[in-house]
Amino acid sequence: MILGRVVGECVASQKDPSHEGRKLLMVQPLTLDGGDQPGPPVLALDAVDAGIGDRVLLALEGFSAMTAVGRPNSPIDAAAIGVIDTVDITDPA
Amino acid sequence: MILGRVVGECVASQKDPSHEGRKLLMVQPLTLDGGDQPGPPVLALDAVDAGIGDRVLLALEGFSAMTAVGRPNSPIDAAAIGVIDTVDITDPA
Amino acid sequence: MILGRVVGECVASQKDPSHEGRKLLMVQPLTLDGGDQPGPPVLALDAVDAGIGDRVLLALEGFSAMTAVGRPNSPIDAAAIGVIDTVDITDPA
Amino acid sequence: MILGRVVGECVASQKDPSHEGRKLLMVQPLTLDGGDQPGPPVLALDAVDAGIGDRVLLALEGFSAMTAVGRPNSPIDAAAIGVIDTVDITDPA
Amino acid sequence: MILGRVVGECVASQKDPSHEGRKLLMVQPLTLDGGDQPGPPVLALDAVDAGIGDRVLLALEGFSAMTAVGRPNSPIDAAAIGVIDTVDITDPA
């Protein structure tokens, strides 16, 4: 799982029925100090009613993601499964 | 899942029967601001009748992809499962 | 599996019930010589009572991670499954 | 799935019985314009009788790869499942 | 699967019982010309009695790795499943 920040939402008209009724979040992976990772955002279905700006815990595996949103046997490979309240980091050096 | 742009199609003569009748899309992953990611394109079976230039939602996991194209137990690990209409992005800074 | 160092813990209020009662470790992947990898930390459930500063063995696959923490059919895709005592490395050149 | 070019073959004496009788191809991932990706080659079992120099479609997931070579329940996580004849690419800019 | 070179071994006291009696190899992924990849080593259970310095074939998927070491339903996501004898590479240019 990784930590990310919700930076947007996507709207798709042609899509799999299993995605109906769930927000499709655009999530930017974060670095250890909370900055944005270089690289692409991840698109994840929302299982915890996360909103833009929230730091979220992302599951990045099919079965895990399907389980999180309660839709097994669906084409879902990533889901936001937690909203992070606090992160305690020790000196990484 | 990731966001990509359909940039081409591949034609293969020697291939698995499960791939018959489906387009094999060449999809370039996109960055947060809609530009092309550096790195290689992904080849994905088409589950939503996407065309060149479309922005698509890609499932990048075997079971998800097989489910999306309705061909379980097949060698398919990526599929285009949605056509993205709009992306709302907040200030990522 | 990869080698990482526990650098922090995350607290999430909105989360999947399968995560209750397990620490959510923030783990930085390590290089061959024991330094921090560039790139993002991984979030992993704790199966071995690891603490901050410990070097841990991370399983990075859903089924493996769920098995390690004894919670099958849960949205868990990474777990700390060992605490590393010693690493013997030969000259990598 | 990704596109790659067969650049070599590996011979292994100590190996899993499921790999007997199949070529172990060394495949370099390709960029959008057909050049070699930086980064390591992938080792894949051959399901389509590909030869050195061929452009191939690679499945990079265990179940997909095992299915492609007809050997379920085997330690196989990548397979060459198609030989690419033509690639039509639109202007990526 | 990828090609790697065994560069060390790890010893873990707190670990999953499924890892008992198997060496935990530290394996550095290799480039096409046999040099070390930049990036972190992979930790893999040994299924072929590989030793330090050996070039090995790594399975990097849970089911494949568990099958290779004969321990299904275990938290194992990588295994050394072959010892490479020879690699024949054509001119990659």
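The chains carry the letters A, B, C, D and E, assigned in the order they are written, with residues numbered from 1 in each.
The working rule: contacts are C-beta pairs under 8 Å (C-beta built on N, C-alpha and C of every residue); 3 or more make two chains touch, one makes a residue touch a chain.
Nothing here was measured: the structure is a model prediction, and the numbers come from that model.
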{"item": "Separation of mean Cα positions, subunit B and subunit A [Å, integer]", "value": "19"}
{"item": "Euclidean distance of C-alpha centroids - subunit B vs subunit C, Å", "value": "30"}
{"item": "Shared interface positions of subunit D, touching two or more other chains", "value": "61-63"}
{"item": "Arrangement of touching chains [line / ring / star / complete / other]", "value": "ring"}
{"item": "Ring order of chains, beginning at subunit A and proceeding to subunit C", "value": "A, C, E, D, B"}
{"item": "Contact set on subunit B toward subunit A in their complex", "value": "1-3, 29-32, 37, 47-50, 57, 59-65, 67-68, 79, 81-90, 92"}
{"item": "Touching residues (chain side subunit C, partner subunit A) in the complex", "value": "7-16, 19, 24, 26, 28, 36, 39-44, 52-53, 61-63, 66, 73-78"}
